[in-house]
Structure formats: C-alpha cells, structure tokens
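Following: one structure in structure tokens, then a few remarks.
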Amino acid sequence: MISTHPDVRGSVNESLVRAIEAAYGCAAVCHICADACLAEDMVKDLTQCIRLNLDCADICLVTAGLAARRAGSHEALIKRMLETCVEACADCAVECEKHVDLHEHCRICAEECRRCEQVCREAASTISPPRH
Amino acid sequence: MISTHPDVRGSVNESLVRAIEAAYGCAAVCHICADACLAEDMVKDLTQCIRLNLDCADICLVTAGLAARRAGSHEALIKRMLETCVEACADCAVECEKHVDLHEHCRICAEECRRCEQVCREAASTISPPRH
Amino acid sequence: MISTHPDVRGSVNESLVRAIEAAYGCAAVCHICADACLAEDMVKDLTQCIRLNLDCADICLVTAGLAARRAGSHEALIKRMLETCVEACADCAVECEKHVDLHEHCRICAEECRRCEQVCREAASTISPPRH
Amino acid sequence: MISTHPDVRGSVNESLVRAIEAAYGCAAVCHICADACLAEDMVKDLTQCIRLNLDCADICLVTAGLAARRAGSHEALIKRMLETCVEACADCAVECEKHVDLHEHCRICAEECRRCEQVCREAASTISPPRH
C-alpha cells in the first residue's frame, strides 16, 4: 500500500513499514492484555500492568499513524515518536515479564512489546536527521 | 492471544477476532490513503476522500479497541460500534471508489474498506442482545 | 475557532460546538475515573466501571474529532457517531452511578457522562438528513 | 476531578493538570484547523500544515491520556511524552505561523500550539526522575 504513495514510488522505507505493522499489532495485544488483566481474580496485583498496557497501546497507535502519515519534512518528529514508542514498549514489557509465570496473556504481550521495541528502534535508526 | 483471556477460555468469538484484525488493517490503509491523497497534485479533488479516510481510520481503531476490551455486559455497545464502523467503511469505500481509475491507493483502500465493512457486519450479527 | 472554517463562516452549529466541548471534557473525566478506579483497594468491584470509562473516553474522542472534521456530505455519519456517543455515555453513567456513595470520582464522572449524553443527543437532533 | 484520585488526595500536580487541559484544547483546535485547511481553495499550499495538525492532535490526545492515567512508577514515560508533545506543538506552530496572514484558523492554531508547548514544557520540568 505504502508504495502507491506519490511521495514514495519505489523507495519504500521497509524498516518504517515494519514498525507500522508491529505497532498496530502491539497495540492490539496490549488492549487485550489490559482487559484480560482486568478479568483476573488478582487484578489488584496487575493495576500497573493495566496502566502500562493502555499507555503502550495509545503510544503504538499514534506512532503507527504518524509513520503512515510520512511527510518528508518532519522526520525528526517521527524519529522522536518512534523513540518514545521504544520506551513505552520497554516499560510495558518489563512489567508484563513480572507476570509471565501466572498469566499467559502477559507472556504473549511481553514478547510482542519486545518485538515492537526492537522494530521501532531499527526504524528510528534509519531516520538520519539530527534533532534540531 | 484472545484465547488467554480469563473470560474467554475456549469460546473465542472468531467473528469478532476477524473484525478486530480487519479494523486495525483498515485503519492503517485509511491513514496511508489520506496522506497519499494529500501528496497528489489534484488534492483539491480529494478533500472529501481525505476526510472520510480520517473518519474511517478513527472509527476502525475505536471499534477494534472496544471489541478487544470485551466485557460481557455491554455487548450492546460493541454491536452499536460495529454497526457504526460498517457505515464508516461503506462511506469511505463509496468515496474512494470514485478515484480508483486515477489513484491506486484509493483502489486498495476501497477494497480494504469493503472487506472491513463485511467482516464487521458479520461480527455485529453474532451479537444477539437486542438494543436496550 | 470553528467560525474561521471556510465552509462555516457565520453559520456555526452551536449545538455541535457544545457537543465537541462536552465530548473532550467527558473523555478527560473518564480517563481520570478509570485510573482512580484502578488505584482503589476495591478495584475488583470496579472492573466493569473501568472498561466502560475506557470505552466512553475512546468514543467521546472520536466523536469530537468527527464533529470537528465537519464535511458537509457525510453528516449521516456524524449523526450516527453522536448517537453512539449518547449510548456510551449512558452506559458509563449507569455503571458509575452504582459507585457514587463510595467514590467521588465516580460521582463526578457520572454527572459528566449524563451532561455529555444530553448535549450529544441535542446535537444529533440538529442533523436532519435521514440515514441512507 | 484529579483531586478525587486515591493516589493523589491533596497533592495535585497543578502543572500537570494544566497540561492535560491544554493538550485537549490544542487537539481540538488542530482538528478544526486541519479540516479548515482542507476546505481552503489553496489546500495545495497547506498540505504540510494539515499533516502537522493531525500529528499534533494525535500526540496531544495521547499525552493528555497518559498524564490523566498517572501511575507513580512510570513518570519517566509521562515526562518523555510531554517532551514529545512540546516538539509536536512547536513543529505545528512553526508551520501554522507561515499562514497566519491568510488564514485566521492557522493564526488561532499557532497560538494554541505555542500555549500548549509552553504548558507541557513546564509540566515536564516538574517531573524530576532522570530517564532510566
């Protein structure tokens, strides 16, 4: 789809495309993990996980939207948002990893967050302009 | 992932899962179509397409979030949101279909919207409770 | 601000403007109520409230965005979204009202949801085109 | 409303509350500016403004959501998001400021972005923990 964009034609940043896909996928998994945590008997122990799931989902969705809306001139903002997404995914993964033994949804979510963290870090590294 | 949810365990609504996936996919394509339209020389002829792309993307994302956050007791709201998503996808598809001869991104977006419209309609039909 | 829009100039739909403001306000209060519920000792009794807070916040934000992005030709979709928002606010208010004696944040949130429900219902009624 | 949160009780971060309010307000104005730009005859000259309006609106909404969902332990993420919002508002303001002579909506949007930039910068400065 991206390759049909008039500003792109033939020079798709594959790394950014992977980041868009990973971010949508991670947002979906975080939304599901948040709701699954809410449904657990031990929800009291999972409140921080729920918060970080919600934060991570929101940040992933905005990152994907920004990256999809790729205007040449504000790549610094896309880079910054990708870096913010890296941090959100890492924070969510650290929290989910505390619960992997008890909750399969946290295990899957942690993995998805780590994957998205990695893919967004790579995409950010392809955007060269130094911050202003 | 959905099957790990404590309230679900073994009785996943496959139709709803397909709707979640379709809605995220459709949102991504609509975001890209909106930006590709903005980059076209003839953007003036595509402003309504851009608006409906943005509306459809927003509605798809909220629908996916709601469906992922499936609490047993407000299925009426999920059903309503799926029906709203059906309408948004149809509206966006109708507009994109006007531009398929000139813009490949509109052709792909129209197809994606029609697919999401269909999948969300099916998912809505699986939710039985009559509106209150 | 709305009055500066080229398609509006002098004929602002005041009812719709009030709906936009109410929806942003309601989204903010719902976000705060959700997090305050998460922080309560009795979070286990508030999980449905948290879910409906999140649903209502998401739907309010999309409704506000759609209404702000007022293109003449898809008023049916704005009307539909306003009606969906009315339902989300009502559902969230019903749930919050169960907890008003114990939680001040639920009391404020219920009031805000009822107000947004009313304002969005009025705005929807000003949009005349029958559904297609 | 924030003062009713169990984790807050009496020690509201006023600066953060102002940032939440400013971010919702800025998102609303950016949405309206984007659509007003789309409606201008000279939309071709405003495409970058539309993109930055959309980016800024999305980032403001997520920032407000994160700040409203204030869990003690991930303040670093709130700080990072506030800083990202400062950058998005500044970028959008710079672009809007190019069009203030021709478009009143760009003038208002530029002012709102500058205000939100300032308020979010102040709020970020109140969050002390160094990045991990």
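List of remarks:
We call the chains A, B, C and D, going by the order they appear; numbering starts again at 1 in every chain.
Criterion: contacts are C-beta pairs under 8 Å (C-beta built on N, C-alpha and C of every residue); 3 or more make two chains touch, one makes a residue touch a chain.
Bear in mind the structure is a predicted one, so any value in this text is a computation, not a measurement.
Two chain pairs, A-B and A-D, are compared here, and A-B has more C-beta pairs in contact (counted per touch definition above). In terms of the distance between Cα centroids, subunit D is separated most widely from B. The distance from the centre of subunit A to the centre of subunit D, each centre being the mean of the chain's C-alpha atoms, comes to 20 Å. Separation between the centroids of subunit B and subunit D, computed from CA atoms only, is 27 Å.
Shared interface positions of subunit D, defined as residues touching 2 or more other chains, are 35, 38-39, 41, 47, 51, 54, 61, 65, 69, 71. Of all residues in subunit D, only 47-48, 51-52, 54-55, 58-59, 61-62, 65-66, 69, 71, 73-74, 76-77, 80-81, 84, 87-88, 91 touch subunit A in the complex they form. Partner subunit D is touched in their complex by these residues of subunit B: 35, 38-39, 41, 43-44, 47, 50-51, 54.
Across the complex, subunit A is touched by residues 1-2, 4-7, 20-21, 24-25, 27-29, 31-36, 38-41, 57, 61, 64-65, 68-71, 103-105, 108-109 of subunit B.
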